[in-house]
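What follows is chain A paired twice: with chain B in the first complex and chain C in the second.
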Partner chain A sequence: MKARTREGIQGYSFMIPALIIIAVFTIVPIGYAIYLSFTRVNLLAGTFEWVGFGNYEIAFSDPRLRIALRNTVRYAVFVVPAQTFLALVMATVLNSGVKFERTFRTIFFLPTLTSSAALTMIFMFLFAVNGPVNGFLVEWGLLAAPINFVEDVNFALNTIMVMNVWSTAPLFMTIYLAGLQDVDKTLYEAAAIDGANAWKKFTKITIPNLVPVTNYVLLMGIIGTFQIFDQAFIISGGSGGPMNATLTVSLLIYQFAFQVRGTMGYASALAILLAILIFVVSMIAKRLNKEESLY
Partner chain B sequence: MKKFLRLSLFAMLMLVVLVACGNDDADPTTDDEDDATEVADNGEAADFDWRAYEGETVTVGIWGGSDAEVATRPELFEAFYELTGITVEERIYADFLINLQAELIGGIAPDLFYVDSNVFPMLHADGVLENLDGFIADTPDFNQDDFYTPLLNAFSVDGAVYGIPKDFSTLGLFYNVDLLAEAGFTPEDIPDTMAEMPAFLAELAEGLPADVTAGVIQAGLARHLFVYEAAGTPIMDADGFAVLDQEGQLDYMQLLVDSYQAGHLATPAGLGDGWSGDSFGLENVALMIEGNWAVGHLNLQFPDVNWGTRELPTINGNQGSMAFTVSWSMNAASDNQGAAWLFMHFVNGVEGQEIMATGASLLPSRVSVAEEMDIAGDPILAPFQAAAAYATPWQSGINLPIVYSTYGNYFPGALSGDLTLLEAVQRIMEAANNEIETHMQ
Partner chain C sequence: MKKKWPRVFLYVILIIYAAITLYPFLWAVFASFKTYAEIVGGGLTLLPQNPTLNNYIHLFTRDENFVAWIWNSLYVAGFAAFLNVIFNSMAGYALARLSFPGKKSLFLLILALIMVPGQILLIPNFLIMRNIGLLDTHWSLILPSAINFAFIFMMRQFFINFPKDIEEAAAIDGLSRFQIFFRIVIPMARASVATQGIMSFLAVWNEFMRPLLYISSPRLFTLPLGLQMFNDLYTTHWNLVMAGSVITLIPILLLYIVLNKYFMQGFRVGGDK
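So, the complex of A and B:
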């Protein structure tokens, strides 16, 4: 008994540094945010007012939240499948033993290493009215007149989507690559003997064996896309414009937390709602992908 | 075993300290009057003692500013140190307002910091700015009347001063001499009234090469405010709600929208540039409406471009422009206010303003410094200096940030033609006022 207690104390002492960091930077802030979401608070002036579910009531009738949600969902619905599919294809190709595999891997990975702020600036240049993309499209007769991709209501969000797929797919590609190393080679050999072609092997062996990896990639993708902030912030200068086209939930939270005076409580309520939403969507995605059924 | 216990004890202590720090901010009891009387005790009016706080340190919270500012600031701090023996520690914030607010909430904000005129009403309402009247009264050679009145007013509430304008900027018209000549014009051909501008832009566009746009504009309320208010209707009513659709508010904005849709005006983003200064410097445009901060940028980055400046064309026969000004303000919770005031007195005094104005080509907020430096005799800066007399300060109550953000959201719709200008401003009013009503009461 005494030895067990000592062991316990020892164990906890080892964990204490991590526990303190988690407590200070994760648990306390989350608890504080939950508390703030029930108040009307001005942290600077130091005024607190308990409003119960008042902030949540406002949220459910807030037209801008509805727009932000619609944009965010539209974003996720396009970006998550696109980047997952692209990552899987790239990983499979790279894993098939093409020449210069390592070189390609490095090149593909570069966008992921670049900061998203810098990428957004580069994309804004590429997609500008006088930029190279428009120049190319007009030159080749694909467009009659250049399109203002960055400032046009119909294109601003799509531009960010394309950029995000391009910059995050390589990250997931490396995860898939690691997953592919674990797929048993004998399965492919057996399939080859049975006369399966490359497509059959890909759909019947590679994809099912990668389901746990895919689950992880989907989860990370969903969380990442639902929290999309920096690109939308830079492209619209923080306003979510043009005409709410790039207004995402995170950007809305930012606006209420830092740009509007005394709405930290409302921003906290929105953040809690977003967390719940991400949790629910992630669980649904996981259920749909049926990780357990394989084993 | 004992070691582990000690370690965990230490860790727990750290946690307690951290939490205690966090709690400080929940207590906002700062009383302006108390602090003012305190200062009256230790400052002697008769002979001002510059060495009274020798050996102390003041912290200042600022943003980086232009390269020239960054290069000149050490000179300013050095001169201050030599006079007073007080060391200046600067904290440069990347995201200024958010970082500053976080530090104010955490109770670790610097003794002094920049306050932009547009956020002044908000910070004042939150009670974080020190009333400076007591300090000014005890400093006979400070001479408050030497400052341009509209600039000082931007940081005053009911006659009490909460910030000293460190400098200011206004908007003017930049023109590219060579491009104008290429299109068959001289700078004198640029019209004096805004009403004539659309026709001029059209003619100019015709004469310019195909890849050069006639003019570049930044689309944002910070640039348009004076146009909406040109007919005398403020953009905020007495209750703090946005008003943008009244008689006379849109006439001149419509001209701008029409010229944009005709392709005679462009935004920097539309041209693929970071900001107007680059578009103008790269000779993608012949005309630009910008602040005097572009002067240093153009001289430094694009020394070969041949350009000049003039005052903005008149609206309804009246001159108009925007004035952007930033103050040095004092943290109401600072426990180092005596030394902080010495710093304020120095940097906002004649000598301090001269150092910054000479080194960083900022317009001094003191009339006497402007006169001594003969800014009115400088052909490039004179139009910006002249605008100080009539420019509208970038400030409009505590709800301005909401309207500003909403404006940035919907105004592009008017430029692109998805909305008419009237529809756009009505949406701005609806969205902004809805938010103000819900969250501000």
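So, the complex of A and C:
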């Protein structure tokens, strides 16, 4: 056997486990998802009835989808800038030559590692009517009476937002820290000679030099927030309540796919639309960030 | 640099943020030693008034499934991590070191697939699991998580810079490609292997959505899904939620403290562009 042929066989035998898994659980499902989105699925009878663009047409007039979209966008519009800003500030503080930097970094990172299911349950009690957050707010006189943050229509989504900023900002902080280490130190020294203060250095050197990192952080943030599911599911027990206040697009997809009978095809269409939406929004964010970096 | 940031101000920010980070964890740990009545009583003291082990005793001796959930989580996450280490490394090695037809397109395909959002795959994967009879088995959690595109990429980068002469010497000694890979290459890639193993374990251990969709028998639940069982229609058993959460968090925190450098390396893989 020729050496080339032998190496080719070796190459594929090293690749084969990964290839099988990619084919069965990624490639085939992508095609399958597109097919499903054009059908009406009846799981019990095992029939897939072709409905063309029917599912997509329904989506554009579905009032619950509109609510879910509004919630998801509201969620992303608050969480993405908030966590990006917090991450940048904390990374800058950590990078300013403070003592115990490693210890602080190790502590800050904890929420990113831990199970969203366990953390959501813990937060549900921290923000409960008889939980410590209400306890402190009432004791310090900031609130007259406790607020039911978890079950009140006006607060349920905000509670998840706060929690998500708390738990994902540290990941982006680490990415910013790595980015900060690559910023040319001589720039700061030159600025110091010119008499620039800390704020000037932050806005004129740090932020412009971190634009590629910010790009990446925004992109990851958008992709993550648009897919928010675990927290919304757990806080509402899967219903998206109270009164659809925590109904996100992913949760709606789950409901149509696994709770409502006969709407799996429609859920697939929603999943495809969500993917397209994420892609478009990410591209816009990238473009905007590039234009801003020209200044 | 003459004028520095006021140092004290920086430490105040750091300490406040550390407190905000730690408070929910500390609260859960201390509450897990409180009685149900003390937790829902709304007291603000962190420390339990009458510390009790009852919540843990209940979970380990009286709850019919809790111990099974711990084993399920360990088994599923451990097995998935093991497969990830082997499969990702093999694929990364082939992409870096071996020349075979279609290599370049495969590599580009893997890079493109990193971008596909998981939501699209859930429904078709559910139907695929159902058709091949894996629904409500642990395989439905292990197999789709058995490889990771980002780590295949990481291993490829690692093996590209790996010195060739070691392998050549081994080949002269008559070792086959697989022997060289498992006996020589993998042991030398220890740090990358550890990073992948830990990160894969972490991801599967914390996973909520997949078990929710694929597993229906309470006996087969993993911990994140099992915790929801304490939140029934009428009441939430906060004492059990807190003890169960602490047990869910502990293995990860222990790994984090002991193997810190691998975590940092692992998150950098996600962070590099």
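As a convention for this text, the second predicted complex is superposed on the first by the 267 of 295 C-alpha atoms of A that agree within 3 Å, B and C clash if a C-alpha of one lies under 4 Å from a C-alpha of the other, contacts with A are read in each partner's own complex, and residues count from 1 in each chain.
By our rule, a contact is a pair of C-beta atoms (placed from the backbone, for glycine too) under 8 Å apart; a residue touches a chain by one contact, two chains touch by 3 or more.
Since the model is a prediction, treat every value here as computed from it, not as a measurement.
After superposition onto chain A, the modelled positions of chain B and chain C overlap sterically. Once the two complexes are overlaid on the shared chain, A:56 sits clear of chain B and of chain C alike. Contacts of A:155 after superposition: neither chain B nor chain C is touched. Residue contacts after overlaying the shared chain place A:104 against chain C, while chain B stays out of touching range. In the superposition on chain A, contact is made by A:131 with both chain B and chain C.
Applying the stated contact rule after C-alpha superposition, one finds that A:78 touches neither chain B nor chain C. After overlaying the two complexes on the shared chain, residue contacts for A:10 are found with chain B and with chain C alike. In the superposition on chain A, contact is made by A:121 with both chain B and chain C.
By the touch criterion defined above, A:255 reaches chain B but does not reach chain C. Of the two partner chains placed around the shared chain by superposition, chain C is the only one that A:22 touches, whereas chain B remains out of contact.
Counting the residues of chain A that each partner touches, chain B and chain C differ, and the larger count belongs to C.
Clashing C-alpha atoms between chain B and chain C turn up only in stretch 96-104, chosen from 78-86, 96-104, 168-176 or 330-338, once the structures are aligned on chain A.
Comparing the two interfaces of chain A, the one with chain B and the one with chain C have residues 9-10, 12, 17, 24, 28, 121, 124-125, 130-131, 237, 258 in common.
Against chain B, in their complex, chain A makes its touches with residues 6, 9-10, 12-13, 16-17, 20, 23-24, 28, 42-48, 58, 62-64, 121, 124-125, 128-131, 148, 150-153, 236-244, 247, 255-256, 258-263, 266. Within the complex, the chain B residues that touch chain A are 1, 4-5, 7-8, 11, 14-15, 18-19, 25-28, 97-98, 101, 104-105, 122-123, 125-128, 211, 220, 266-267, 269-274, 284, 398, 401-402, 405-413, 415-416, 418-419, 427, 431, 434-435, 438-440.
Chain A makes touch with chain C in their complex at residues 4, 7-12, 14-15, 17-19, 21-22, 24-26, 28-30, 32-33, 36, 90, 93-94, 96, 98, 104, 106-119, 121-126, 130-132, 134-136, 139, 166, 170-171, 174-175, 178, 188-189, 192, 197-198, 212, 216, 223, 227, 229-230, 233-234, 237, 250, 253-254, 257-258, 264, 267-268, 271-272, 274-275, 278.
Interface residues of chain C, counted against chain A in their complex, comprise 1-5, 7, 10-11, 13-14, 17-18, 20-22, 24-25, 27-28, 31, 39-44, 83, 86-88, 90-91, 93-95, 98-101, 103, 106, 109-110, 113, 116-128, 143-144, 146-147, 152, 177, 181, 202, 205-206, 208-209, 212-213, 223-225, 227-228, 231, 236, 238, 241-242, 244-245, 248-249, 252-253, 256, 260, 263-264, 267-268, 270-273.
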